[in-house]
Amino acid sequence: MQPIDRIALVTDFGAGGPYLGQMKLRLSGLLPRVLVIDLISDLAPFRADLAAYLLPALVRDMPARTLYLCVVDPGVGGERSALAIEADGGWYVGPDNGLLALVARRANQIRVLRIDWRPAVLSASFHGRDLFAPVAAALCGGKIPYYTELDRGLLIGNDWPNALAKVIYADSYGNLITGLQAADLDRNTWLWAGGRDITYARTFCAVPPGQAFWYENAFGLVELAVNQGGARRVLGLGPGDRVELSPH
Amino acid sequence: MQPIDRIALVTDFGAGGPYLGQMKLRLSGLLPRVLVIDLISDLAPFRADLAAYLLPALVRDMPARTLYLCVVDPGVGGERSALAIEADGGWYVGPDNGLLALVARRANQIRVLRIDWRPAVLSASFHGRDLFAPVAAALCGGKIPYYTELDRGLLIGNDWPNALAKVIYADSYGNLITGLQAADLDRNTWLWAGGRDITYARTFCAVPPGQAFWYENAFGLVELAVNQGGARRVLGLGPGDRVELSPH
Amino acid sequence: MQPIDRIALVTDFGAGGPYLGQMKLRLSGLLPRVLVIDLISDLAPFRADLAAYLLPALVRDMPARTLYLCVVDPGVGGERSALAIEADGGWYVGPDNGLLALVARRANQIRVLRIDWRPAVLSASFHGRDLFAPVAAALCGGKIPYYTELDRGLLIGNDWPNALAKVIYADSYGNLITGLQAADLDRNTWLWAGGRDITYARTFCAVPPGQAFWYENAFGLVELAVNQGGARRVLGLGPGDRVELSPH
């Protein structure tokens, strides 16, 4: 396995809260020399099904030799496996609940490990700190905790679609990111969302203030936006809401 | 005194704001090589009385040789002492307003120092940056600023109860953390909060969606939660609100 | 040019979101050894005109040899230049939209560079990651990307006033920071904001709970506050709203 230079945290924990803080503090004790970066911490709570489509877009063009420690875990305390996936030069650690499904599917080179190791002390509700963080630390140290190799076809989410015509994330400006890859959509495509037709524009300043449009965002996804406004409020949509390809 | 490997910030400053940023930037100038981690930055504003009960739970099981720089400081600008406490292998720096009272009470080994040193330039409203950060930096460098050793019985909060039957923190999911230690409560105990009886469950997936329950959270505290919902909204409670042990 | 020890991020990206995360992750790939600190990430969205007055106050008394990577960029995708400014021992990188205007005006020693270099891959909407971050990385490495030296009189915002009688930032406690420098205001000055007269007090505990007052905040600016309350709610004001010097 190749060396890991840094850990990027991908969570729905919320910025500023104690979960992100304890993960980082725990990691600093295990890995004093490894940089830990919050890549995103305000994913839609519990929506592993939505985050799954954001994750491959977020990591596109990011530095190699990064371990993505991903925790959106609605089923914590119940049965679900822990995964460590080596895919195209990066590592992904997280629950087997679909969160890593699209990363796994799109990888050219992949190795999927179900982590069977469990720590001596494991809380019922915070596997990010107690299970996934030490797994990440072990991988950074070049060791893989006790595991079983799996075929990626066995992962939860293996039967999910390649693209998701839903809002998967609303950013702090009120822009609405969808699970549609912009490269798949003709620029003449109209979308239907929030009760109106939405046409393509290259970027914000290409439309009048207050007008909704869709564009290819900086992650390669279709994003609904309003110039000098918030699509979330204007369209009345949020994470999980549907977007339709318009019949026009 | 033992070496300090990292600083963890415990504040009500809010994530993303300039207060946390200036503390970190100031510390980076004083201590270029010491890691500084946001442990929590969204404590209930000004509620040192509530944060006091969260702090010992938050630091439980965290790495030794950590200095906790704690600032919840409603009385800034007025009279209150500055403290540096060495307790069970960690350091705590903050105001003497009760914030460190429970950490001090529960420590097995403790040394309480009232810091009498003051910086040449001290703003009226930002002692976190101007007073507590340089004190923390001095301690990391192995030096204790001018001080008076105190008995912990003299600290503000010395007469506070051992547990607090109130919501002390609401997390970003809407879970309500109380100041009750879960080890002290029989699992048959019913709680009364937000106009309803609340029974124990091991964790989220042990109750039906929408049902409120209490459980031992990952910090060892009693937490009110709702499976796939937010206890804050469902129960209509927030930080400072009372929880009762039910007469059942 | 003098060495740079750290990068401080000044943005309206929001804490916890993917923009701050991708900037930091990209920077960690370019500069594995340079510390990157979030100085502020919740500036009023798109309001470069307001942030311009907060920036010089925020960097006052902060460590030298810091590069401030500043992104509030409402016109992204349109025409505006990229700047790198060396001013009084610090560097500032950001768009030429006024954001750096007051820093530039108040500098004693200054060198203004318009950065003409462009990366091979430049998204339409995320110049913070694709343009400004690599410029900052180059400067940290002692290299200046292809540039034209400018007179500061040519910067956008060169004709803006020296002080701004508006709320420029609302903090998480609800305090309202204005663009007025406290050193310029006599303590007898009354302000008129939110339909009431507001008098000076040294700090919070100098007025009764619930009373609005103005004071010199820890950045040297005039701030409207309410003891044990939120000026934002009490006065009904937010970023961009006017404050008047009272006729009393």
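Just so it is clear, A, B and C label the chains in written order, and each chain counts residues from 1 on its own.
In this section, a residue touches a chain if its C-beta (ideal position, glycine included) is under 8 Å from a C-beta of that chain, and two chains touch if they have at least 3 such contacts.
Treat the numbers as computed from the prediction; the structure is a model and nothing was measured.
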When subunit A meets its copy subunit C, do both sides use mostly the same residue numbers (more than half shared) or mostly different ones? different
The assertion on subunit B/subunit C checks that the Cα superposition rotation, as a multiple of 5 degrees, is 120
Measuring from the mean C-alpha position of subunit A to the mean C-alpha position of subunit C, what distance in angstrom results? 30
Would you mind listing the residues of subunit C that make contact with two or more other chains? 14-16
So, in the complex, the side of subunit C touching subunit A is made of residues 13-22, 24-26, 28-29, 32, 45-46, 74-78, 121, 123-126, 129-130
As the complex stands, subunit B meets subunit A at residues 5-6, 8, 14-16, 35, 37-42, 54, 58, 61-64, 66, 169, 171-173, 202-206, 215-219, 228
